[in-house]
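Notes follow once the structure below has been shown.
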């Protein structure tokens, strides 16, 4: 297909893609714009697109009302912690599945995925009771563990698909070269799978960051992440579009920025073995 | 420093026995080639020697010491893989240094050996590149370099040239042969290309379905194949094998004659046929002759050139002293 | 039905001109091979003919009709790709039927042609398998089958054998040659393997950096290479080329002599050297001779066997009538 | 790759993940099963400490005979099916579009994947208030601009609205996976089909789409897992009204709003069964595709 | 000590958070706030208290939860508050609603009833005058007269959003004002009675003729912003809204708002007004009961009211909790003060309906099952408002599901 795409064709493609892209992005763009409006301008009819008085007032209000930095910090710790913990546990498991496969490997993998299908609401009470017993309620540790468990199947699966792409011969070469199992995984497998691990990391940070059921229900003040922050803005009194937009922007900005910076990794690695 | 003995070694995957009981001794300093069709167990055998697979029964001894349960890293063998198995995230230098790093060789010594290997393999300019930035031949050399620095008791090669293109293959073949001459270390080399086997080996082990069909020097195998399988497998182009009446004439079930041992004439000869495809290489011509009444196709090699065209009638005469005879079991009649 | 003419065709990718203005005529029914080192533009040229790339300037005519702006599907050509490009989700039958389905050939006719192709290519037993379940050679045949059923004016092959192993390659080479004999359709075949080129071609086009270096039959190229590039490229093992004093002796800047045109003696000869590696193939022996004072290594081919061992002294004498002479520009002196 | 040594090492290295997940599955599962056979009304003072009454299958019977049960199954299937249909269809089209040569491809890709980073709660809030509000929503303004009466999205077109919101969130995911899959399509295959006379539409249906088969199954599998559990979007937008009560939302209502843990747990068991039926069905397909 | 307080995200509560420093300065205790949207909050604190989770030291709960939780012994009784606190100053209606068996379990931070807020300018334009205590018939007439859809003015804005605390509450008080009730004295559901059909039909007709588009999803907030934007002629809702609609910062109609008692059907003796309080309670499990109690005393004290009045003006103090506030001449100047008090006094939780009922609560029924049932019932009603089913169908379903749930709960 390497026939020089005609310029006309490229123009059409570009136009179509940009229109679609902007359309998809528009809700976010609109939220960000609205966050800089006054409440009155936010609901102006007809809507104002750009020529409004830009104000930071809403951010001020939100910052004053809640301790944003603490929510943010909790989100970072919990999302990052659960992902790293998950990867530490998943790497050996994925190694085993990819390089020492047995008849049951695929069953185990699918079983792991099936644990994700437990309806969270259905097991809230049991987990809550368990957390009370273990003193994990409203602790970052507790949430980190739960989110790690929720995402573990996905992490294992993703790593498994990446590891399968790595030729076993290389690990055998390391073994011949005198590397122990630990050295093999540490010096050879992990560095080679860096792109895969990076996108696994990213995807799971995103999933953990956005998880809204457990993070809300298992925390109070100390460990509450941004999902709890946003839960206090869902319907305050009076006109609130601008403030809601500001809070929303603050809640999604960190992960959006992270996602954009690392989209190359995410995009290149997000395959789940779909590419063959 | 490098004698390897296999004693009644077998290997099964699940219920399938891939290697039936097998005895083999590889002498120190020998260049041994395992050759055989795809799936015959060459790689498996090599991996058993390397320790990358457990043997199902039997014993392996290296330098007279039982190594059956010794882990791969401790056997003192180095392996060069088909895909080279270089560590893509490490520079050439680091790749070569890796086994020494694992063995805890002091930095100085590492450096010395890397330099020496790089010089020997013409890699000095590439030490800081990543494998991804190297050509196939260069990668091949890095893999060998990584093996050399360990100063192993023996080198194991698993089809190391099969990923290279024809021209490069010839060059690398020579390089490995020269390396062997220089180091005089035991080498075991797996290939399914009989040209490689012939040109490189001190000793060829021909395998079929896990069984050793014949062990011997290349010329032994060329001149005295033990059975029809070896006869057909060794030599290029392949030996022509005939059954039936023509064979009976010579008191055998099957007779074989190599393409280079058939004389051609336009006017007279033992067999008559029609030229199918004639391949003119300049230095040689291969003529594929049909309708001889013997087999589907007889291949003849003629040094230099001959004006044979598609459809021409042609007469063939085997050089009778070069005729191979085989009995009903396919074994050579001597 | 299948004459192809290229008239001042050029191709640039961006600013880089890959094909400088080029004229070439391929006659109907001819088996033409494009050969040349990697990156010289063979594939590009083939793709220009196929219509998969637009030409930058010039004209292409098929059967005398201008086809420069005709889309690939309408040119009546069939192409066999290096990776075979089979449709992995369709059975062999469907793969072969695909071009007919696209062309709206009636079911009956489709069936008939598939059957015929399958029979011709020995694929009848595999018609219901998926490509993934076939061996390399079988896939190759399916790709050819898919091309045949279209009854094209010409076949285009882009290194169709480069993914196969050596033994299979020889077999497939013959099959394609025979197919050509049988169909007598124009075939254009791209390879960088000169043995393939030599054995298959009616006409070889040697390319270097987009330029045609020489066009001719295999034996023309072997016997009368137009320049050092062609001389070195055609023939296996490669022609030995020397500069300097030895060349001046023969009134040339460079002289060349093929390995098979050097006589060997243990006692006397033109050049003296020491045996490096000797490769014994049984039918032939290749001796790589060092320390001749001419070039690093001189390769000699001897038919049959010779007892030459590493390190032996040896004398070489070129057959003077087979000597090739080249001037300062590398062009042959006739 | 399979010496005795490496096999036992493998078992050891699998252990942490397997044990943890087994615990994560078994402990709540047994407790849920246990509760589902009990009368457990926390607000009436029932608690584990006081002991719970055994009620047999009463909770199970009550859960399915409730008038909300079948509608909730329907809603679940419609939402999951609708979102899958939209994301896969648009995902394929979008992936093809993004795979074309164009200017600013990187930026477009950034725009397209952005919704994936947005918290479900936030996206539901934004859509509900700023877009779908029948008075102040942007869509209402748009409709009015064309002289049409604003649609009351969340009440009159509740399921489609919900599907729209959720699809918006998951479209990037589908697009990304399908895009990488398309990029892995051997260009020679497309060229071969072109030589074979296939027009663009035929190329799409005969070559591209089948090539995407595996990627599509994976998208479906992963999304189904997540879609069966969507909660925040419903909670924020309709609170389960207007026929948007999915099975998991119904369970939420039973457990948390009605504070009937036993009944909710029975619902949980049903949900697990449903999920596993879907899962087995999907995994059959994917499982086949996984090693193909 | 640091106490953790779960609270709702409404304006008064948010304001209180701003004054936390004052509390810390006085007592030395630190406060951690967990601010959540009403529904999330309710779910969160209920889970925690019923499992004795102990995640919070103070919970913000309402009149619905307090008696139930108090009866379960989950809350620490507030029977030993200090003398300065003056517990008797709390409005009797509020005190009764937040007690069980005469023991106070939660201190009201603010209280509310509901009333009519209307646009005086539109009323005038329509040539009508709002009586002190209007009937539904008048409301309907006025609403139709005020409606001007071309200019996006709706005669009346009412809650239609599903949820027991949203549309559920409103339709329940509307039912009360038509003589309907949830249960008879044997806990039999009453949706098969004609009063419900009448009330619901009236509501739907009224809203169809004079309500805003999409009212089926409108709750308090949606209506508030509609009213503030001048898009409603009348709005019947919580008395606390009065301070928002009269706040010129947010409201475009701040100076054109009048107030009246919630309506009734002519001849029915109950009005459509409710009683509610957001109150602070201490869960029994807490280790920090003393600090928590100190906080409650601070937050619901007269001093706090004065503090807010001083800093932000009387219109912004938390209303509806204390008698002394309404006795304060400064506060009486606030335009909606009197009507708020009258509305509160007009509500009687122990005797909410025309026919006798076995339950307490006006816009709710103080039994644990109610939240679940009423949410589902209100969802059925919302489906009517959205035009997805008829009034009859909805009532039938409501009757069935209520009966079913009550059976499940063992009534």
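Per-chain numbering from 1; labels A, B, C, D and E assigned in written order.
In this text, a contact is a pair of C-beta atoms (placed from the backbone, for glycine too) under 8 Å apart; a residue touches a chain by one contact, two chains touch by 3 or more.
Predicted model only: the values in this text are computed from it and were never measured.
S.K.: What chains do subunit A and subunit C have as common neighbours?
M.R.: Per touch definition, common to subunit A and subunit C: B, D.
S.K.: Write down the chain pair with more C-beta contact pairs when D-E is set against A-E.
M.R.: D-E
S.K.: Centre to centre, using CA atoms, which chain is the farthest one from subunit B?
M.R.: E
S.K.: What's the farthest chain from subunit C if centres are computed as the mean of the Cα atoms?
M.R.: E
S.K.: Just give me the whole-number Å value for how far the CA centre of subunit B lies from that of subunit E.
M.R.: Distance between chain centres: 90 Å.
S.K.: Roughly how far is subunit B from subunit C, going centre to centre by Cα mean, in whole Å?
M.R.: Computed value for the inter-centroid distance: 26 Å.
S.K.: At what distance in angstrom does the C-alpha mean of subunit B lie from that of subunit A?
M.R.: About 52 Å separates the centre of subunit A from that of subunit B.
S.K.: Report, in whole Å, the distance between the mean C-alpha point of subunit C and the mean C-alpha point of subunit D.
M.R.: 55
S.K.: Give the residues of subunit D that touch two or more other chains, as numbers and ranges in rising order.
M.R.: Expected reply: 1-2, 136, 191, 194, 256, 292.
S.K.: Find every residue in subunit A that makes contact with two or more other chains and list them.
M.R.: Where subunit A meets two or more other chains at a single residue, that happens at 1-2, 43, 124-125, 129, 172, 231, 233-234, 240.
S.K.: What positions in subunit E touch 2 or more of the other chains?
M.R.: Only 43, 47, 51-52, 225, 229 qualify.
S.K.: Using the touch definition from the top, list the residues of subunit A that touch subunit D in their complex.
M.R.: Touch residues, subunit A against subunit D: 1-2, 5, 9-10, 13-14, 16-18, 20-22, 24-25, 27-28, 30-31, 34, 43, 45-47, 89-90, 92-93, 95-97, 99-100, 102, 106, 108, 110, 112-127, 129-130, 149, 152-154, 156, 168, 171-172, 181, 206, 209-210, 212-213, 226-227, 230-231, 233-234, 240-241, 244-245, 248, 251-252, 255-256, 258-260, 263, 266-268, 270-276.
S.K.: Of all residues in subunit D, which touch subunit C in the complex?
M.R.: Those in contact with subunit C are residues 186, 188-189, 191-199, 202, 206-207, 210-211, 213, 292.
S.K.: So in the complex, the part of subunit A that touches subunit B is made up of which residues?
M.R.: 167, 169-170, 172-180, 183, 187-188, 191-192, 194
S.K.: For subunit B, which residues count as touching subunit D in their complex?
M.R.: 51-54, 71
S.K.: Within the complex, which stretch of subunit D touches subunit B?
M.R.: 1-5
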